[in-house]
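Some structures to go through are shown next.
Consider the two complexes below, in which chain A is the common component and chain B and chain C are the respective partners.
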Partner chain A sequence: MLFLRACLLALLLPMFAAPASAQTQDFDALVTSLPEGSYSARGAVVGAIALTGDPRAEAILTALLDGALGVIETTGQVVILAPAPADALAGTPLTDAEATSAERIRVNNGLRRDIRAALGILTLSDPDPAKRLAAADAAFRAPDAAQYELLDAAFQREENPAVKSRLAEARAVAILDGDFPDAEKREAIDVIADRGDADAQRILTPFAASEDPDIAEAAAAALASIEQSRMLWGQAQNIWYGLSLGSVLLLAAIGLAITFGVMGVINMAHGELVMLGAYTTYAVQETIRQNAPGLFDWSLLIAAPLAFLVAGAVGVAIERGIVRHLYGRALETLLATWGVSLILQQSVRSIFGPNNREVGNPSWMSGSFDVGQMTVTWNRLWILIFALAVFAVLLFVMKRTAVGLQMRAVTQNRPMAASMGIRTNWVDALTFGLGAGIAGLAGVALSQIDNVSPNLGQSYIVDSFMVVVFGGAGNIWGTLAGAFSLGIVNKFLEPYAGAVLAKIIVLVAIILFIQKRPRGLFAVKGRAVEG
Partner chain B sequence: MTSLIDRRMGIFLAGLFVLTVAVPIGNLAFDGKVVPSYIVSLLGKYLCYALLAVALDMVWGFCGILSLGHGAFFALGGYAMGMHLMREIGDRGVYANPDLPDFMVFLSWDELPWFWMGFDNFWFASLMVMLVPGALAFLFGWFAFRSRVTGVYLSIITQAMTYALQLAFFRNEMGFGGNNGLTDFKDVLGFPIQSDATRAGLFVCTAIALALGLLIARAITTSKLGMILVCIRDAESRTRFMGYRVEGYKLFIFVVSAMMAGVAGALYTPQVGIINPGEFSPANSIEIVIWVALGGRGTLVGAALGAILVALAKTLFTGWFPEFWLFALGGLFILVTLFLPKGVLGLIEETFARKKKPAPALQEAKA
Partner chain C sequence: MTFKAKTLFKAGIASLLLSTAAIAQDDTIKVGVLHSLSGTMAISETTLKDVMLMLIDEQNKKGGINGKMLEAVVVDPASDWPLFAEKARELIEANGVDVVFGCWTSVSRKSVLPVFEELNSILFYPVQYEGEESQKNVFYTGAAPNQQAIPAVDYLMAEEGVERWVLAGTDYVYPRTTNKILEAYLIGKGVAPEDIMINYTPFGHSDWQTIVSDIKTFGSAGKKTAVVSTINGDANVPFYKELGNQGVSAEDIPVVAFSVGEEELAGLDTTPLVGHLAAWNYFMSVDTPENAEFIEKWQTFIGSEERVTNDPMEAHYIGFNMWVKAVEAAGTTDADAVIDALPGIEVPNLTGGTSIMLPNHHITKPVLVGEIQDDGQFDVVWETDGLVEGDAWSDFLPESAVLTSDWVELKCGNYNTETKTCGGASN
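Let's look at the complex of A and B:
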């Protein structure tokens, strides 16, 4: 198999394979000398083998790395022992007797490192761009002037722009390592500086103390620019994390913004409705796993409407059964719904067990991609999009539909709404159900990034109340602003204060903020606010 | 002017007195055969909860401030006492360090942080038991009441307060033992904390504290000041328009209540043998509210009774069928708020009143 790949290499690499028999001679001599000498001397031999570009090199080096390269003492013949015993140079199969008489060539960790670097160079000509990119990265991380020729050749030949730029960086590192004219070195420093990440910083740092003043100056300037770009990217990453946290908070709080903000009902069971949504996702995924594994990528799309219905139905039940009797007694509602939350928690614990349940990411939600020096994971991005979509739909429902109009009418003036023919009881149940259903949707999203356990809801309840109170009850735009500002502030504080302290600071800040604006950021003004 | 000790208070105090005498005797005189030692500690714990419930009833039942953060004052009192008990361990800790508690040695700290200074002295610690929760309540209340944060908003920020404190106390860097809290106490005032006699002593102290707490709360709420508190509860704006400085009254009762909660916490720590950040959890604070609601809001005695009943039920349920306890507690929350607005005490007294006819004297407790 390896041999086949080596042959493929030979086809694709006429420029390495072509140079005449002198090099072949060299290659044979190099390979034959592998069993001899100190580990470091053999490291140099390994490097030389890779640099020949001989098509057989990869198979031999891989075998050496795996401890499957041997030598037959009597003849000095180098052989590959696994998977099929064969002569390393000629490729002819070995007899069993020969194979057993061969002695393995020993390698140590230092030599293994050298072999890996050498293999990295070899893959520079792999047909797969991803492998070439990885090879260029490997060359970048282990600077070696000896690789310059090879990298340069690869660079000239490369057509994929991403790989080409990476190769340029790798070549620049090789230039810095070797004995090249100052002008070229300064150019190389610029190339590396453009990369602007931690690796570039690490490589350039020693050159800032270089004896050559020109290079030292260039390196220092480059380091300063890297520092700045890293700082900017760091801020961007913080903002992204903040937006991501904000989207989670928004999802958790937006249902609450309806029940608490619009209806004035404190629903302490809100967190448990979120948890129900997460468990619905789990149940859907389990069903799919057992009955139709092919549909797994669709599991979340199936789970979302179901979660909405499950949580919404429970919400309507809570409203009809309990909350309805307690309108106008906010504190009692708080206690009763807390009781509901305990019962829901324990029910889930009894049915699904107290342990975390595994909810998988569909393929389109796993993995990540890079934007500049920032890593963006797909699941966080989708959750952000989802949160904004839910928000937009909710806004539409509240502002542009008949149901929304009735909800707002009942909130503002119940008796008047009733005398206009609105069935206030109905609207109450519907509003509560809507808030609860959105909590269920939040659960679907949270199941992707958090542990699905009976305690899931508890961890969000205080936070989501903070968001609603901060944003201003009764205003869903306020909830949006509250969620994102709290998310971003939290993430900006974290690097300085640590996660826990950041959270404490935010909580204390909100407590103080409420003193200043008791009705939140976007307070509803006028008579609707009763004293 | 209503009398300081009305009928319900009289009955409760009498019952408490009998318990206070009977339990230690039952334990000590019969060598733990009639009343096992663990029962003494357990009952002591219930009485601490009862005192805490009375403290909450003062602010919620009489002034309409639903604090979801009273667990924080309780825990702070508990920590203040715990710090003293830690200092009393001296060099008998695992690391045998005479100057530092074990967890500080473990974190390789060199010296005692400044806020641990003075806790070697019992009287200083006792002072702190009331001063620290009092100061926090003063600060918090001063800000909140002055800006007229009321109703559910106040409830939610008190919850945020206890949550923030819980997170803070979880941190090792705070110097309060982090996750594990303070534990492994040896002595209290020189008496070995595990011995039956000490436990009985602590029980009696708690009972006395509860009786005093009830009397103080009763004295405050039946005074003229108490009348104004009820006015604030029922019609805050009107009270303000009549010229009363509402903030001042609220602040006073909030601070007194926090101090009482602190004392309850201080008595709780030696009897339970540990205080950790879990006591700050928002769920604990909400549970206190249900004690008061169950017993009867605005009745003081009812609050104490409610605390004892719920705590007893918790012990029994978690022992018999642990699965069931949260269902029972959750159901309790719902049933009490829906069907028992006056609590158990209200129910009992109504039943009696109906039988005996002439007793319309039972007032207050308007939900």
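Let's look at the complex of A and C:
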């Protein structure tokens, strides 16, 4: 232990500019020198701070890593800015004036690595298992043979199984990094191979070319088995990506399945209705940020009904104002709604400006989790769930409610429906409004994964029509099947053909498919076809 | 002989047209601004239009140039490449402008080149681009590849020890040419071809799941990996979001971007991006008195403390000041006289140096590598010792290594140093 410290210090000393030896430098002087010098010199200071073993070191280094360590320029006083502003060394609280005058100390990649390594040394024996796990992780990511003894000691005394297994891996990479006997290295390779993931592959690849035949063979065997399991997981991952892309397509297209599929209106402004939904989300988030920051995680749930209402209202206005005068004249409808789309785009540009607007991810939509060797991001998962929920609700409305029955009746046989006492005008407006409102809901979801800009809608309009036509106009289930099959096919092609070519291949395939089956996957049969 | 006579004749006609237009228009100097105010590129280009209005406004407060006031003529080419050519023609022929500041994408620049050549006017182009071009009527105030891409790769190789490279870009001329140059450069530096992965995506690509996962897989081969991104426009936002969500941190696989600036980051929660890099010739965070003054003027002009400044804005600042100096020196706004006066003009840039217009119509610039901070600003982690001269023809591509551009001595944009001939009329 002592030997190791001496070793580390010897390494640090040449980088450390001060003439006096680091051992005699007291903790305070080290901390005060943190804001000065180049990143690499400060990295050395960070290492020296960790080695002092001072109880204040952890809090200071954590603050530095989080960008919460500051310096008051005039006095050179180092302060912790968050959560409660205080002097970093004395721990005395700061006045507001002092806290605002402090400048944040900046960190870069290299320095962040140094801080994490230093924190790892400090927290290997922390009472909190989560912190020990993080420390083991840091050691695993920055393999250093010099840390072997520390890691080994921590491994021997560790009792928490999760932390122990992570420590075993960290210890193994330290062994692989240094000059250890072959038998130990073989053992280490086995430990790493058990992970069976990308990290294991990264660590083991260089050893497959090792000069020692035993080690090379063990590494190569481990790599082969990793490769195989990764291939299988790769397929699963592709299916997941396909489902996720499919859910985005479904959301974008499902409103169109009503306006175009059921009503037969070629609505070129569909994408702009999606955009309106996204901007509604932005407006809701801005209001929440200013008035009730605590509600931020709920912002999407609040935005969803509002987006439905805003887009739905605009939809009804479009139907009443323009589309109803043009029923039966497809070409004119197309041109008129395209004009509407330009008007909507430019008005949003004038109101909100041409720049992208920032829509934040609530905490429950950020990050990812691993299923086996597959990474599933939370935002994509929620969007998939949301898309299916919207689909289910829409299906229910169309098939199981009186309004849905009237909508279907009017689109299938208008004179008959009218003679049964249905106010067809109102049903038209309502149907169009429903489709538009659902487009607004799609906007809420898309704001989480795409840019909120006036052009948001344009990128989805072609895809939406593609899905509806492919799935079969007039059939909501067809839209579901169309969206998911296009998503999955696209994602399976992408690794081989590239994103650009994959899109082209899918488009060509759809054109050929439509030649064969002009009414799409699930053609509507019977007399309704003519309606 | 006939060629020369023709040019003279053309120039004569052009200047005649210009001068009559100028007389008809109340004796002001007209400055054309050709930036998209609608469509996909509006997000980037609108700011440049505003900066031009500010610079012109300021010059007028100083009394204009040679006693004449400046007048801005703004047109909107609507992110539509052929429309750029039409609008350029409209500016020069119908409005009689003496100079045009404009374009962003390379394809829009390529679209207006023939117009500027035919009508013999002047274009200042403010954006980093792929090089492989030098045209008599165009002045390139953005970075050539040797002023951005090459130094950034050098930094990653030297400071981060990167050995494996992903070159990811949007599918059009700038990324494709830049990646071709970078690939040749890396292979020349001893990087094995299997350690380079090249990937292109369409404009506005939003589903990055597969590509980010491919990058992760590519990065798990035991060598330090970095991504060099020439992804353009708003496709960057979902790209970085996906990186953050899939847990690719800058400490594992840093991404260095050539098209991501302060303006692009303004629409983004930057927390997951901290540590990723960008290479530019200017950052808003650069601490010089000139820059502080520029930022203050800009925020006062635009009426918001929130607005940021970025690299192409600085390029317009340099270009505009160079043009003003050249017009003052030439004593006229006549295109030929100003084109002759421009090479050699020196103006201060915003990073504390002095940029010079070179005979190849490119300028000298410092190269800065910055890390994204959580406030959406960049922290400079590395910069070149002095200013780097823009090289129109890359030395790393065999077909362009022999070419040189010199509009002062050789009067040629693509002089072949081996055959000692000028390669063609333009380009």
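The working rule: the second predicted complex is superposed on the first by the 307 of 531 C-alpha atoms of A that agree within 3 Å, B and C clash if a C-alpha of one lies under 4 Å from a C-alpha of the other, contacts with A are read in each partner's own complex, and residues count from 1 in each chain.
Throughout what follows, a contact is a pair of C-beta atoms (placed from the backbone, for glycine too) under 8 Å apart; a residue touches a chain by one contact, two chains touch by 3 or more.
This one's a predicted model, so the numbers in the text were calculated from it and none came from an experiment.
> Could you say whether A:507 touches chain B, chain C, both of them, or neither, answering first, second, both or neither?
First partner only.
> After the superposition on A, what does A:109 contact: first (chain B), second (chain C), both or neither?
Once the two structures are laid over each other on A, A:109 reaches chain C alone.
> First (chain B), second (chain C), both or neither: which does A:357 touch?
Only chain C is touched by A:357; chain B is not.
> A:325 contacts which: chain B (first), chain C (second), both, neither?
A:325 contacts chain B only, not chain C.
> Return first, second, both or neither, reflecting whether A:515 touches chain B, chain C, both chains, or no partner chain.
Once the two structures are laid over each other on A, A:515 reaches chain B alone.
> Check the residue A:419 against both partner chains and state whether it touches chain B (first), chain C (second), both, or neither.
In the superposed model, A:419 contacts neither chain B nor chain C.
> Does the superposition put A:465 against chain B (first), chain C (second), both, or neither?
So A:465 only meets chain B here.
> Which chain, chain B or chain C, ends up touching more residues of chain A in the combined arrangement?
Of chain B and chain C, more residues of chain A lie in contact with C.
> So chain A touches chain B in one structure and chain C in the other; where do those two contact lists coincide?
345-346, 349, 500, 503
> Can you list the residues on chain A that touch chain C in the complex?
The touching residues are 39, 67, 106, 108-110, 112-113, 116, 141, 198-199, 201-206, 230, 237-238, 241, 244-245, 248, 345-346, 349, 354-358, 360-361, 366-368, 375, 377-380, 449-455, 459, 491, 494-495, 498-500, 503.
> Per the contact definition, I'd like the list of chain A residues that touch chain B in the complex.
260, 266, 268, 322, 325-326, 329-336, 338-343, 345-347, 349-350, 458, 462, 465-466, 469, 500-501, 503-504, 507-508, 510-512, 514-516, 518-519, 531
> What residues on chain B touch chain A, complex-wise?
Contact set of chain B toward chain A: 66, 140, 143-144, 146-149, 151-153, 155-157, 159-161, 163-164, 167-168, 170-171, 236-237, 282-283, 286, 289-290, 293, 323, 326-327, 329-334, 336-338, 341, 367.
> For chain C, which residues are in contact with chain A within the complex?
37-40, 42-43, 46, 159-160, 171, 199-202, 204-207, 209-211, 213-214, 216-217, 219-222, 234, 237-238, 241-242, 244-247, 250-252, 254, 263-264, 266-269, 274-275, 371, 373-374, 379, 381
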